[in-house]
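Two complexes, one shared chain (chain A), two partners (chain B, chain C).
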Partner chain A sequence: MKLKDIITPFSAWSNIVKKPVTIKDPLNERPGADRYRGFHKNDVEACIGCGTCEAACENQAIDMVPVDGIETTKEDSGLRPLVDYGRCCWCALCVDVCTTDSLTMSNEYTWVSDNPDDFRYIPGVDKKPWDNSEKGWKKPDYSLYDPKRVDMEEIEPDDRISNFIEIVKGYSKEQAEKEADRCVSCGLCIATCPAHMDIPGYIKSIRDGDMEKGLQLLYDTNPLPEICGRVCTHRCEEVCSIGVKGDALAIRWLKRYIADNVPFEDYKRILGLDSLPENDKHIAIIGAGPSGISAAYYLRTLGYRVTVFEGKAKPGGATMYGIPKYRLPMEMLEQEIGLLEEMGVVFQFNTMVGREIKFTEVYTAYDAVFMGVGYEKPYLIAIDGEDAEGSIQAIDFLRDVNENKKPDLGHHVAVIGGGNVAMDAARVSRRFGAEVTVLYRRRIVDMPSDPEEIEGAEHEKVHLEPQAIPTRIIKDENGKVKGIEYLKAEMVADSKGGRPKPVAIEGSETILNVSTVIGAIGQEGYFEFLGTEFLEKLEMNRGKVITKENMETTIPRLFAGGDTVNKTADAISAIADGHKAAKGIDELLQANK
Partner chain B sequence: MIQEFTNTDDILKFAINREQESIDLYSGLAGQAKNPEMKKVFASFADEERGHKKRLENIQVSGQFKFNESQIRDIKVGDYLIDVEPHAGMTYQEALIIAMKKEKAAFKLYSNLAAKVEDPLLKSIFESLAQEESKHKLRFELEYDEVVLKDN
Partner chain C sequence: MNKNNHKFKIEPDRSSYPQPDENGNLQIDLSSGKFVKVWHGPNHPGVTGNMSLELTLSGDEVVEAKTHVGYLHRGFEKLFERRTWMQCFPTVVRMCVPEPDSNEYNLAASMEELSGIEVPEYAQWMRMLVLEMARIGNLLRLLPAHAGTMGLGLGVQWGVYLRDLILDRFEELTGARIYHMFIIPGGVRGKLPEGFKDRLLSNLKDIDDFLLRFKRLAIDNAVFKKRAIGTGVVPPEWVDKFGVVGPNARAAGYRRDVRLDTPYLLYDQLDFECYVDENAASDVYSRTWVRYMDLKYTVDMIRQILDKMPEDGEILARIPNAMHWKVPAGETYVRSESSRGEYGFYVASDGSEFPRRIQLRGPSFNHALSLLEKMLVNANIADVSAIMVSLATCPPEIER
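Our next item is the complex of A and B:
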């Protein structure tokens, strides 16, 4: 031992009489390490308020809270994380699970305040000195979830082009579970889904291997999951939080997986439909499309007697008659209708209201009426020559094909339009051996069709001709389609911020020799079946029926839903309308008791 | 015809009469339409024309003619569509086609008159009226683009 070691303890006492020395801001000299997990930062513009950080925090140190100036949108909950440093242990799991990489940590670690409330703050909103710090903890290069979705197997284009076999094969158990594992259960999708399906809930049931629970969750808000699992417009996937940095979750395919993997004969037991309540009220449904079927299902579960009037020989509306079998096999639809019949819903097919039975009779005989008549009347292209033989409408064409009629298309088909109906018409035409050109006024990126339908069409060698404005259909000497003339278009910006407008370029006339022209520019509703007395009372705006929040129209006891009411005109919105109307009818009739 | 337009007042009277003809046309179509919604559509078109007429009458009274400097973009939506004959069961699509065609015809008329007159003031007034009709046409074309051509 050295002498110094013996003396030091005693000499230290001399410090007691020394004047204290204060070093100004000494901690500036001791910064945190470059990757230190210090105070939180959040890029509030990049953050979408998914709440994954809140869910992951074991200490419940994060609350998602509303913030002034940040609006709730489809892609953004409008909430932002508030961190409580009374609970936080700076483990950084919140940063590691952040779906947008917006949440990070600075390397700052000292913060002095005599107000405890100061230590509960909203990073990025409550301004802090470390907001612009470059150092600190950031999400590691690897991801805690797989950014890539599990591919869906499909029949190859060359093998499918000559038949109507369903293209999409569906997930296996392993594939579905792997895909379900990618869900962070943020729930942004719930708000966007028109039916507000419990998407994280039914995806969890896949992870848990509990298909019965999954099916119950599906039917809570959607009695046509087999259909939606195939042809839903899946806008939920557009807002999926893991889609910000990777592929969006395959929500539609997971829904299909549940519906396809529960034996249909077990549905009634699982859904508790074996014994339904009964009351003396009788509801009429006009139209057996998705909105009508949805209304019928939920009304029947509430105990109402339900009769569905359908003008065609089969149910399903646009899904049965408009969607090709390679996208939606008919047995799926027939199976779901069978369930409704087993529940006691009465279907009167080939019974069009306004033709076989007057609307006024229906309105008088039933306690309430739901009208889900869909878009039946196509808009005309309205150009010269449209009356030629071989100039047809897509909805008529698709209906005929689904009824197993073989069309005579000739060598080359021109399809006019860029929506799903146009893509369906184009791809069905290819299956009859025709060369197909789609003429669309705008750019491909503007097409309202689902991207996978456009991609599918291209894989099947449908030629897309964007920025092409049809100007006339050319007839041969027998009045049959011989060609179509179109002008190329330039896109001009819309001063009001809408989608750019195509403007025809004079002198750019091009003639395409075609044998058939299929119009698919859109449809509108047809309400003449109501008769003048009721039609005059039905408030409408630009072809859409105006309803209250409960889907009741301006005619008391007449409810409406589906394409003729909502703006999106897709199956899931129609299903949501039918459900809302069922609740609305129930509330009305309960109140009138 | 040119000799009728010797001063601003002649032109305004002519333009006001044309707006009145439009009011009469749309009012007639509103009365003729079977569908109540179409009655409202045509009635609203007539109201728009009343607004145009009123604007011209105000100019006539005040003598203040504000020349429209900005060129209205012609998106040519109606240019290649077939003519529609008015009938009782008209659809919204047909109503919009009629309106687009009508405004286009008015635009052409004023443009032609502007080309034919030599007086710079009268020429400016005709050009301005043409621009005004072009604006009306654009309003209907945008509606057609949004509603009828939604998928196209």
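Our next item is the complex of A and C:
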């Protein structure tokens, strides 16, 4: 033992003269660090209630709950996260996965309350002293999921302008899996999809590589996935939570990927259509469009005998006759109809109700009737010279082209309108070598067409002439279209707060030398086939048939769906109507048994 | 008179102590009334967490020791099987309170290895910084505790103050003091805050000062030396027999350090050595000295890291969606050097969104469970705490 070892420890006595290092809590306040993971804050205005925080929480400390004053809309579930500090471990994974960056944390870390229930609160709704704190944990400069969409390969505009080959090439396996990986399964899309398809479910099946499960999920709510995978108006993508800060998921292309990657021969086996139930009830369906096909499919799976009456030679309705082949190849449709025929659905083509067969006969002979007749009658532009040779309607034009007729368009086509039909007509006209000008009353941003259709048209060198109001069609001496005159318009704000209105500028007449004018300003339904007796009973509102929740019209046992019923008038809404009507018919007939 | 006659030589009378039988096992007859059973823990200031030692005493000498666990079982390894891979990330930290970062690193490294993800360089430097800071944080608690168990509490107060300063740095870097949850699979969750380097360097200076003061206070302390030298010896031949790792093995003369043996992250870019007790004394004093030197070297290593790390860079690699990361099927064993020695994760994935198995292999499993039982035989009851603490055991690693 050394003497030094006995003495040196006493050097610690030198601390007597040093200042203490401890903080006199609570006299001295000690703020948390700038990045401290303290109590939660939520910008409830920016939050869309997607629930990704709830799904990410490993302690189930977050519940999504309804909040007074926050309405459920398409983009917002109306729910907000409620945090339970009995469970939270302050890992801030909820903050890092937040799709809107609305959820953050303050650097506050003391909170005293004698009521345990206080520690379950809704950040941003239940006001807290730290709500306006600038400091605290925010999502770092990274993303825990890929915000960027996998680009879809398309045929180059120069290569596609001369033919009707499908423009969109479709995802490869790697591309689809990469895109499917971006989904956070929030399900806002399910609520928005008119057919309420299980979108996160089938996207998961892509990630799992289980195409059969994916196909089953598709057919649960939509018997035309090949069609919707190509031409759906994909409102689901508009509400995609990933789309708030990044690119929305390419839901439509993923649906197409599943439908395209299951061999069609296997459909019956996968969907369990080999042995369907049978009953003695017989249902008639008028119109083989999307709503009719949808109703036929689900009614048949429920065991009903189904006969479909179609006035044209082929099924598909607007999807068959109205959509150009570069967007939807014909084989897809024929394939899907083939499946229905194999299931035992009887199709009677070239049999228009009201022409070949009377509606009364159908109505009395069948246990229930579903009417999905679509919009067949185009609106006229109602200007001078519309009767000229070369002044045609877009839906007639598109039907002729899909029936392989070669129209004579001449050198320059003017398309009137700004919807998808107008874009289709313009782009098809380009494929026949004509120059195309689209005249639209409002601005380009006001066009009801899908943005990608407008973009596609621009790529294909379609000239868009917005704020142009046609005034007359000029005929030559033979009564043929020679030109079209239009007035420039200026946008005037609506005093009632609606969208701005185009008002013609006097003296701004412009004449465009065109050889063909295609009207594409909309269509309406045609119900004369019902006969006066039924027509009187059928209640309508602004051209739309009024139905109950189960799609039954004011005429008992007559159900309706599709463009003539829903406001959106697109394929997916028609499919949803068909499904709803099938359930409605089933319930009605089961109740009457 | 012979000079030697002045020296007393006391041969202790051990006739009343239990004698070994032909197999070398002590014959202990509890009904004889000569022995006392004492429960040391699970709640006791001298145990390192919630585990207990069942001691059989003969006088003040331990003749038999059994370790008992089960007081801390939270079933973590089972919980992992029901959580997504990313949800395991905030959960693994809970397996070691004073130094959670090794858990974070091991989980992240195993997921990255199985998924074939390369972590950005900046993030790797950040990870090293965090891991070494965590080592310092834990050593500042452990090292003074060696003396603390023998009644010298002052060093513990100094150490805890400095550990608090390191926790302050953790708070501003990672957003939390204890469970940092910073080494996220794929990278790290942030960059260095402004002025962080200077503040950390100033703390390191304080630690340099502490090392000097602590040496005078405890290491050179006659009383501490008297009690620590020769107490709790781990014979070097036991090192491989019991799987002793880290500082405990280094005290027994083995050069065992995962950072040097199989360098991970960017440790091969640092200039460092681990301290090995050449005399292989392997007693409490030797282990205290190894920890002392560990702390000294780690302080130096952090200075190197701060000096060499890039100013800026990517913090996260492109990872699969964290909400449903599917780690490709496979298995791996990832290890890192914690302040207590080799810390390993055996991770098996069946290719799903959930881990099939995450098994933790902490150094304490061997040190506290099997080795301690042997070491305590013939130890004085007053030294039990000192021996246990000197092994730096951490019961949560045993009960996962």
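Definition applied: the second predicted complex is superposed on the first by the 566 of 593 C-alpha atoms of A that agree within 3 Å, B and C clash if a C-alpha of one lies under 4 Å from a C-alpha of the other, contacts with A are read in each partner's own complex, and residues count from 1 in each chain.
Here is the rule we use: contacts are C-beta pairs under 8 Å (C-beta built on N, C-alpha and C of every residue); 3 or more make two chains touch, one makes a residue touch a chain.
Quick caveat, the model's predicted, so the values are computed rather than measured.
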Q: Examine A:492 and indicate which partner it touches, taking first as chain B and second as chain C; both and neither are also allowed.
A: first
Q) Which holds for A:91: it touches chain B only (first), chain C only (second), both, or neither? A) second
Q: Would you check which partner chain A:284 touches, where first means chain B only, second means chain C only, and both and neither mean what they say?
A: neither
Q | chain A residues contacted in one complex by chain B, in the other by chain C | A | none
Q. Which positions of chain A touch chain C when the two form their complex?
A. 1-2, 4-6, 8-9, 11-12, 21-22, 32-37, 52, 55-58, 89-93, 96-97, 137, 140-142, 144-146, 181-185, 204, 207
Q | chain A-facing residues of chain B, complex | A | 34-37, 73-76, 79-82, 84, 91-93, 97, 142, 145-152
Q | Touching residues on chain C, where the partner in the complex is chain A | A | 83-84, 86-91, 154, 161, 168, 171-176, 179, 181, 187, 189-190, 193, 213, 216-218, 220-223, 225-226, 315-316, 318-324, 326
Q: Spell out the residues on chain A that touch chain B in their complex, using ranges where they run on.
A: 377, 379-380, 382-384, 386, 416-419, 421-422, 440-441, 448, 469-472, 487, 492, 498, 501-504, 520-522, 524, 527-528, 532, 535-536, 538, 540-543
